[in-house]
Amino acid sequence: MSDVTGEWLIKGASIVGGEVADIRLAGGMIAAVGPDLPAGAAQVLGAAGLVALPGLVDLHAHLREPGREDAETVETGTRAAALGGYTAVHAMANTEPVADTAGVVEQVWRLGQQAGHVDVRPVGAVTVGLGGKQLAELGAMADSAARVRVFSDDGHCVADPLLMRRALEYVKAFDGVIAQHAQEPRLTEGAQLNEGEVASRLGLAGWPAAAEEAIIARDCLLAAHTGSALHVCHVSTAGSVEIIRWAKSKGWRVTAEVTPHHLLLTDDLAEGYDPVFKVNPPLRAQADVDALRAALADGTIDCVATDHAPHPVEAKEAEWAAAAMGMTGLETALRVVQLAMVETGLLDWPGVADRMSVRPARIGRAAGHGQRIAEGGPASLVLYDPAAPPEAVDPATHASKSRNSPFAGMALPGRVVATFLRGTATVLDGKVTR
Amino acid sequence: MKRHLISAADLSREEAVLVLDTAAELASVAGRPIRKLPTLRGRTVVNLFYEDSTRTRTSFEAAAKRLSADVINFSAKGSSVAKGESLKDTALTLEAMGSDAIVIRHGASGAPHRLAGWVTGSVINAGDGTHEHPTQALLDAFTIRQRLGSGDQHGADQRGTALDGVRVTIVGDILHSRVARSNVLLLSTLGAEVALVAPPTLIPHAVSSWPCKVSYDLDAELGKSDVVMMLRVQHERMTAAYFPSIREYSRRYGLDAGRMALLPEHAIVMHPGPMNRGVEIAAEVADSPRSTIVAQVANGVTVRMAVLYLMLGGAGESL
Amino acid sequence: MCAMTPRPRHEQGTGNGTAQGQAASGGSTGVAPPGQASGGSTGVAPPGQAERKAVLAAEEIRRALSRIAHEILERTHGGDQVVLLGIPTRGVPLARRLAARISSFEGAIVPVGSLDVTLHRDDLRLRPARALRRTEVPPDGIDGKTVVLVDDVLFSGRTIRAALDALNDLGRPRAVQLAVLVDRGHRELPIRADYVGKNLPTAHREVVRVLLEETDGEDSVLLGEQVAE
């Protein structure tokens, strides 16, 4: 076994898809980038044909710990993240207990430190117990060791407009951002699937696009009024894209994310009533997928976030209405983005680096992530082989504890070969090092 | 038959006609001194009902018993289901007991679909959520052919015929109706022209992709209908603001004697039951000679016998 | 998916590749192979199928039926209280022809019906469920009558056993008799015909096919080798 923490010389990688150069890692930093660097005492990693990207940053993952360790733990979730090329992951607050106090966010943060695969950045709940009634102690979480900057009630919408306004205002004190799960609750009571042809035929209660768009429009106006930062989670409709584009054109502080599954999958997959395709927000129509891809390409949507949502087998092995919502995604995100965005010519590799590392790091205030691959930068990067022959996804091989990948059986291109976190190889030859 | 009957869309025109023809032949059994056939002796049919529906369960039970199948009634109430056993575990348990077919009624759309993926026997959908109820559509089609087609009352001379050109108007809570979904699919497969009439709130969002037309005006459709099928409307729809009051619903979409007079001479009135007399259908309409409501119940047994015979009567798939 | 072709259960003779295949599998277990409902391609052996030779011509069939009609009149004392029930498919036109002959010989009107035995068969599970054929009992019923079952070929006897069961559900005849155009032997049950058009010695694996004007466009009985696929 290699000494994963020592000096490394990465030979002949294509830097963010461009020039081919060697990269020397030492002391957690990038010591040099250039042609034909001497190996010296460093371990050499041949990287011919591989693309070097800054370590990926996920703004939206459910690591389930504490509370649902049967679905995922910080250890297994971050292991999955490293295998997907990530060096930082934002862990959503809907744990049991909810991450609405300094104590819980520090616990999650420490578990991430102990695991050591990626930096775990806890997201704090906006309201106590995700209840939507009373603000959680946002300041205490911000001041804690976890240094929380992103707050979200994800899974629930902060539906009360006044509470949303206050939250947006309050986090300005510590440069925080409210990540809104945009879902008008009354319009989605009992909703099961995108309201459209498929849901009508399958007899599944419709989940109208307007329920997402109405909240986004409202929150954009609130962000404008308060001058605060709003981040929109998992945008899923063409209409949402239009509203965000309009808000950005006004110069308002609005950012947005899209999930890999919303970039690739559509609601007709629900035809077999297999709840592996049940997710919140629901899979939409092809026109929505096309609009989301275009928005990610032109920057209207800032970044890709996985919304990695592991569930135990029994939660999905049920009738549709009774099954849990959510899909795993950390281990497949980059491959899906290659298929949906790169191979379609919508994004080049610098674009991928921007949407999966630079911008999410900036939105999440994740210092030390999303930096250029250049001398003096942090040695957090991923080596990716885009030419690896497409291989069918087999969830049984995933490091995640859960198996609910909607991409199971789909042939996805590419392969994450190695991931480095501050100079330490967390993944080598597609395998976790510890 | 195919291994499972989950959606009316599973049936081609030829298959649907075969079911109707088989039912027509089996209808004569009801008039014989001995109403039992040995055909499914040794086969076990499980009625797995997660919702109360005495009429549908009884109908399947009578059909299976007339074909000499063993019947196990498994009701969610008072069973391990109440203790939180999953649908999958229940299915595997029933199969371990030797069931050849499971007739399932479930509150969740797609539950029969899931069940079919877990068991080796046949699955017959006896109504799932707001999705489908294909045997109801088959018995409705059978009733329409019997009443409006040529031939004797057993429909014997109607063998091989479908419902080409028959104009069927379905009225009521289309959005939540599994009967409507299955009927739209089956009746259009059989060549009928289907029109849906309801307040716009009770019409599915994407109805334009369905093989039928949609109207909000019942009076405008009645004169053009050979069949009018009234669906049950539930009081809780009112509290969910689908319409302002039962009274207003009844006035705009209920079938009373005055409206019935607008129907052509030969037209029939159907209702899948149970009826809300005085709401979607007036008592004098329900009890009129045009009403097929009692015939539908009798035909339900016959059509379900046909389905059970075609699915279980042979080896492998015959439809 | 499906084999929708209606498959009547008359005992013998197939002119169709699919049915041949099933006959091949059924033959060794002594199960009568199924027939084919309509005879579109009358008498023409489908490609890949052995030639068949005609063992009864139209004239011989006519004579055989006349003889059977006479025998029925004799044995039932002038056809009084007789009901002819044909077993679909080809038993039904045969029953009608017999009734017509009886009527022309004696002026007696003999009621004719059809009796589908599908739901009483003992071999249902050996192949996909078959479409049902018509069962039509004459208006006066069968109680107290002498029922003559009419079929084209008598082979294992299983169809007749099923017919006796089916009859049981319809009423209580005074007596039941059996008339067949061809008896080819190889019985598997203690059943014999009362009236036989022709006894035809066959090998078990041979196929006997009866063609009738009403169903196939010509009258003929063919004997051929079964062709495995």
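Each chain gets a letter, A, B and C, in the order it is written, and its residues are counted from 1.
By our rule, a residue touches a chain if its C-beta (ideal position, glycine included) is under 8 Å from a C-beta of that chain, and two chains touch if they have at least 3 such contacts.
It should be emphasised that the depicted structure is a prediction, and the values quoted were computed from it without experimental measurement.
The minimum number of touch steps separating subunit A from subunit B is 1. In this view the innermost chain, defined by its CA centroid being closest to the centroid of all protein CA atoms, is B. Note: the chain lying farthest from subunit A is C, by mean C-alpha position. Between the Cα centres of subunit A and subunit B there is a gap of 46 Å. The distance from the centre of subunit B to the centre of subunit C, each centre being the mean of the chain's C-alpha atoms, comes to 38 Å.
Per-chain Cα centroids separate subunit A from subunit C by 73 Å. Across the interface of their complex, subunit B is touched by residues 192, 195-206, 208, 272-274, 314, 317-322 of subunit A. Note for the complex: subunit C touches subunit B at residues 1-4, 116, 119-120, 124-136, 165, 168-171.
Residues of subunit B that touch subunit A in their complex: 86-88, 106-111, 113-114, 117, 128-132, 178, 181, 204-207, 209-210. Across the interface of their complex, subunit C is touched by residues 1-2, 14-15, 18, 21-22, 25-26, 28, 32-34, 36-39, 67, 156, 309-319 of subunit B.
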